[in-house]
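I have placed the structure first, in the form of structure tokens, so that the comments after it can refer back to it.
Naming follows writing order (A, B, C, D and E), and every chain is counted from residue 1.
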Amino acid sequence: MALAEQNRGGRRGSPFLKHWVIPAGKTLVSIAATMLGLLFVTFVIGRVMPIDPVLSIVGESASKATYDAAREALGLDKPLVVQFFIYIGDVVRGDFGMSLLTAHPVSEDIKRVFPATLELATLGTLFGVVLGVPLGVIAAVKRGSWIDQVARVVALVGYSMPIFWLGLMGLLIFYGILGWVGGPGRLDIFYEDIVPARTGMILIDSALDGNWSVFRNAFSHIVLPATLLGYYSLAYISRMTRSFMLEQLSAEYITTARVKGLPERTVIWRHALGNIRVQLITVIALSYANLLEGSVLTEIIFSWPGIGQYITNALLSADMNAVLGGTVVVGLIFILLNIFSDLLYKFFDPRAK
Amino acid sequence: MSVSEPHKESWREWLMTDAPHSRGQARAAAWYHGWLTFRGNAMAMAGLIILVGLLLVAAFAPWLAPQDPFTQDLAGRLQPPGSEGHLLGTDSLGRDILSRLIYGSRITLYIVLLVALIAPGAGLLVGTIAGYAGGWIDVVLMRITDIFLAFPRLVLALAFVAALGAGIENAVLAISLTAWPPYARIARAETLTIRSSDYISAVKLQGAGPLRIIIKHIWPLCISSLIVRVTLDMAGVILAAAGLGFLGLGAQPPSPEWGAMISEGRKFILDHWWVATMPGLAIFTVSLAFNLLGDGLRDVLDPKSGDQG
Amino acid sequence: MSLLDVENLCVTFPTRRGEFQAVRGVSFTLGQERLGIVGESGSGKSMTGRAILRLIRPPGRVEADHMRLEGRELLQMSEKEMQGVRGQKISMVMQDPKFSLNPVMKIGEQIIEIYRFHTGAGRKAAWAKAVEMLEAVSIRDQERVMRAYPHEMSGGMGQRIMIAMMLVTEPKILIADEPTSALDVSVQTQVLQIMDRLVRERGMGLIFISHDLNLVASFCDRVLIMYAGRIVETCEADKLHEAQHPYTRGLLNSLPRLDEPSERLDVLTRDPAWMEETSVSGRV
Amino acid sequence: MSSLEFENLNVWFGDGPDRVDAVTGATFDVESGTSFGLVGESGSGKSTILRALVGLARNWSGRMTVGGLELRGYKRPRAFYRDVQMVFQDPYASLHPRQTVDAVLGETLKLHGFSDIDRRIKTLLDDVGLGPEFRFRYPHQISGGQRQRVAIARALAPEPSVLLLDEPTSALDVSVQAEVLNLLVDLRKERSLTYLMVSHDLAVVGHMCERVAVMQDGEIVELLGVAEMRAMEVKHPYTRHLLEASVGYNPREA
Amino acid sequence: ETPPNMLVIANRIDDITTLDPAESFEFAGSDVSRNVYGKLVNFDPMNLDGGYIPDLAESWTVSEDGRTITFKMRPDVKFHSGNPVTAMDAEYSLRRAVILNKTPSFILTQFGFTADNVGETIVAPDDMTLSITTDKRYATSFVLNCLTATIGGIVDSKLVMENEQDGDMGNTWLKTNTAGSGAYKVASWKPNESVTLVSNPDFYLGAPAMERVIVRHVQESASQRLLLERGDVDLARNLNPEDVKGITGKEGIEVDSELRGRLMYVSVNQKHPELSKPEVKTAIKYLIDYKGMQDSFLNGQYTIHQNFLPRTFLGAIDDAPYSLNVEKAKELLAAAGVSDLKITAGVREAQERLEIAQSLQNTLAQAGITLELTVGTGKQILSKYRARELDMYIGAWGPDYPDPHTNAGTFAYNPDNSDEAGATGLLAWRNAWDTGGLTEKVAAAVVENDRDARKAMYEEIQREFLETSPFAVMFQKIEQTGRNAKVQNLNLGGATTAVSYWPVTK
């Protein structure tokens, strides 16, 4: 009873604490937990794989002594738990070990390949959003009309035609026949190594450097793969936008907006779309994260040295350090994007506060 | 109640009734109403017809296929569509693409059905438990979901197969195991809205346990949004199965699995476009059908949309 | 001349079992008065209100011999012209403020939006006008409310905001669809007072939709009683308790009363013949 | 046959800075076989009291007894639910959209361990005045009043002695309201039930109940008999305000 | 359009895992090495058939007992760093390769060099002289052929030592850096992306015409083709037959076909009771549609070749007695009393192999043998093969160094056929084939110093191999390269060595 009395009057804690510090703390703990889980699963996968990391290093013909020495050097003779902690320690220091495939430290490799993917995925997502959202909105507004059906077919082609088909066809037409875009690779040979790599994203690096001819060339190379990736996210984003919009359009506040005499344009783009911002952000973040995971086939076809290709190559050649390093980085990006979209959610949806 | 009563009415009336006389009739009537809604949607019907067609093709493959899907003819390889005896052309070993597509529908259906059962099933289980239980169970389950979601799909699939061994069943399992997290999220979101509703409270007041509530009361309502999502994901599943092929997990040659056929055709795409395009079109048609069906089902299954329109 | 003149209004929805007529040949006029529409749920009250603003979503259809706003035919207006009518000449307060306000727009924004659209006023002027309107519906602390989101408001405040928003353009006609059913009695009184004042002071026409017979009887000037899409009876509001039609009587008798306790309440028994009766005209 | 006692009941939601105290210090009791009304404005905590009693609101302090038996925590034994049942406000929301009437009642009966389920369903439907033709319908196939009857039948299924009614007719038309109220009155008479009924409509409470508690902002501001209410013999200004408003619109009121 | 002083190549270079000549063992890596590191002896790109010629060693002499070869170094040759190339560097490089004991080290250690004895067996008494002593007498040609392999590359010992870490003899550093004296040095290597070589103006044979050579990783044949057609690369090295057909006859593009050393073969595990029957082995050789495959999906890229020495190797023979003959195979199977044979074959996921496998599946089925395929990544399938777990293996083999022993020593040599021997490097062992006496013949051939006699010995081994072995060698690789017509004098290295860029002109 006394307790109840006390609580009734009690508005304990400052609003700052309530709105920012506590949620931030919770978020951090949850990131940490997810990361730890991610590391644990990667670690387990690394051990489960029927691939001997020692053999990969010392080679087939190594003697028993060499083998044992290498094994010891890798810490593989220690108990699993200890190995796990060593692994975590290494990862925290950004040390994923050496890649067998490239003979470079994995962290260095990732620093090299990730910006390529980041650049591609970002542009692709931009494309997907810029076209996908309006397409979804229009399809919802004109539900059942031919435009809705066309939007559906467009989206489904994106879903069901494998990217290498679209990619190679695109290359053939726009590069091979028409010559409108650059070919495979990130740059033409003569533009290579001209601008210093600051971010690793050539578009940004060249812009920072003010070297617009490199920028143009890089753009001509990225535009096709980015469009293709964008097509995939467009497919997803437009379908999701459509279904969110359908829900909103039957809401009562939309009728209110119409009662107010607002033009249909305003009703749809301002009122209805405003209400799906939050859901859209989540969807976009998810599709962005998926693109960041790297579309292996796109990267292969366009000779794009990105992380998807890197991880897959490593996987095929049993380069476990590289696989695990790549996985941890991709996972981290994923988790961060998730959190980012949560934060935006708080920011955009007044009800979430 | 007289047993013979229904016979006096026509079947249609019997199904359309607002006052069913038995559980069976009520269920049949509910299905029939759904069917009517569905039938009113031309697009959804188109989807259904395609899928029924696919089922028939799969069932009668040996009778429908003009040729043996495995017979090679190295002299007659890479024939364009419409050439003598090969409506859709031949592949690099001179096999008839149409026949391979027809036989491949069996494998495709098999993969699709298996994944469609496992992945949403697992997602439903995890999502509803997390959503209903709340608290730390929710936190733990959703963290796990996040971890799986954050994992590059291929790596995860390979790890599973490393543990399970290769084979098409395991490939399907691997795909399912990488595909469940989004379903779990959907199911959880749905559960969160359902769990505080009055009808759940009402069941609680009868002393029903959490398990019963989840299975009997929450699942039936989550399933509709899952089905819609699953039908959207179908093309992705078919392609993912093909993608696992190059890790040695997918269908093994000479199996005419559609995704594998596309991969095989990749080499010839610039000069012999049909080798990859034909199976691509098949996948496109089927996923379009699933998608149209999904949209129709959404209308039928969504209790909120009720009897409108 | 009356503000609104509706003749033989029909609202039709195609359904799987054929056409469904939600409103069947309703005729009435509205002057500078409080016109109540009562009837049981599903009798077509809301559809009548929405049909006037041509807000029935396809595939629903609105038909009428005529539907004139100060002599101008509403049915023949283009969508563009209708936009000028909606909000400007005729406004409508929707049933539930919880769902009728845009949840992610600030209240100020929502009020300013309608005002600026119809008057082309500047932001500052619109803001001042909005604050003034909020004050008019007796909301204190208007500046704070302007910056708040709908979910931060109580139901009563939301309803009053809705009214302020719909009145900011000083429309000729206000359609209020069960504006008080979600409210506590105390707030209800305030809301009614606001509307009452507008009719009396500004000469606005008010269509007041409700299923609360006592309320309509005490608040309105004239009442239309609807059943199954038709008007079965019309009368002066203060004479509602003397209404003749068995349907109206049934509704009245089924109300529990504090002043006249009874063991059992009378239950309305519907006569199929009521369905067939032609609609009574509510024109004056 | 049980009586209900509430003593200094506090119910709250949330924790720490988010805490909302929905009910504070509510004290009243309901004699067995009588009908008790709770009125008050929206959000005043009426429903919360009922929900705390049946264990749907978990955080509470004070004392609640049913038939002399003191309640603890939020878990209730199945026997409790045989004794105390609840009817919810919105009959649409309280019926599972995918279950037929038969399934709803059948499940309830099964949960309470009855064996002759078929027969009981028939009797229950009969009791609430629904014909056998309703038995296999889905909620969307029946009207609001009929839905509420189903909800009442479900509450009656375990043969409880106490019915908690949370605005059982506020979502219904006046004409339908009369039917449901009549049904409730009849049932109480037949089965000597105890009612604890929430409503914001004084006329309804006046019609149904012997005693009334008026709530405002989580607290009970006045307890009075229905006769006093009719005679307008009330002390608290809020109660008076409620009474006056219930008669209709009075333009001169401030 | 590519600049006139630059050679741009599209190639798959994802197999480069190291640039260290003591470690590098893959195709793309050899391509780099050959242009970066000088060797004691080397092949002349313009005259491969002429065999090894002096490179950093000007001349050599062989001792009486045939065990010691003494090289005289070429004077005035400099490393890229400016350090002179001396016998000390050669000594260091060869010792280093032996001591590091990386995968390709067997090429040297098969001569009896060990980490313990290199102090005595590989010695440079002065700056201009290097002598190496093998454990017994070998054909000199064999030893010198082996020194032309990548592992024979001479590194800049001073520079390497400066970059030594934890006694790794500069291995870590050399993985990603180069210290050679060849025509080019590596300017940058971005794994899976590109290798850029810049010319060495002081190259002792004269500064190369191409100042830069850029090898770009382009995985897809179609992409390579488009790049070539647009003139964005000068050379496309991984075109598949369809794409080759597509560019043939195109203006300004030429297609080169060059015979390479790689063989495509099928082998059957001799642990299998049925597959070890001689009739069955022969039957399988008759159940392969050599011609059908050569003329269809392998068109232009593989040529029928049925023995383990690739054409152009010393002692290679051209006999191809087998062709698809289902009737004969059936007879043989019937004679062996084999029916309803069901076997599984491992094949790695690579287009041409899958096609070969499926064709095989088809023809075997005609004789009633059911072939099940297990497809997997290279690593997966290889590890099963090495563990002797596969009934049948469909795969490829490339010679490690340009001497007949490289293949003879693996296809037809298996001193200990027991599981315990674990001789995973020997194909004969992987298939559990005890070689029926070929092992001894191979051992004899490798020490025969008379070139003609040696040649005859290999021919004899191969004739027997063709009859008795569980291997059905099917094809030899032809590398088809799409080349911009402007590019001249490019040599890919044939069956014996790797590509040479320095003679190239445009």
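Keep in mind that, in the parts below, contacts are C-beta pairs under 8 Å (C-beta built on N, C-alpha and C of every residue); 3 or more make two chains touch, one makes a residue touch a chain.
Since the structure is predicted, the reported quantities are computational estimates derived from the model, not experimental observations.
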item: Pair with more cross-chain C-beta pairs in contact, given B-D and A-B; value: A-B
item: Reference subunit D; chain at largest CA-centroid distance; value: E
item: Chain centre separation (subunit B, subunit E; CA means) in Å; value: 48
item: Distance between the centres, which are taken as Cα means, of subunit C and subunit A, whole angstrom; value: 50
item: Set of subunit B residues in contact with two or more other chains; value: 247, 269-270, 307
item: Contact set on subunit B toward subunit A in their complex; value: 43, 139, 143-144, 146-147, 149-156, 158-159, 162-163, 232, 235-236, 238-239, 242, 247, 259, 262, 266, 269-270, 273, 276-277, 280, 283-284, 286-288, 291-292
item: In the complex with subunit C, residue positions of subunit D that touch it; value: 41-43, 144, 173-179, 181-182, 185, 200, 202-204, 206-207, 229-230, 241-243, 245-251, 253
item: Residues of subunit B defined as touching subunit D within the complex; value: 1, 18-23, 25-26, 30, 197-199, 201-208, 216-217, 220-221, 303, 306-307
item: Subunit C-facing residues of subunit A, complex; value: 251-253, 255-264, 266, 271, 274-275, 277, 348-351
item: Sites on subunit B touched by subunit E in the complex; value: 70-72, 74-75, 77-78, 92-94, 166, 245-248, 252-254, 264, 267-272
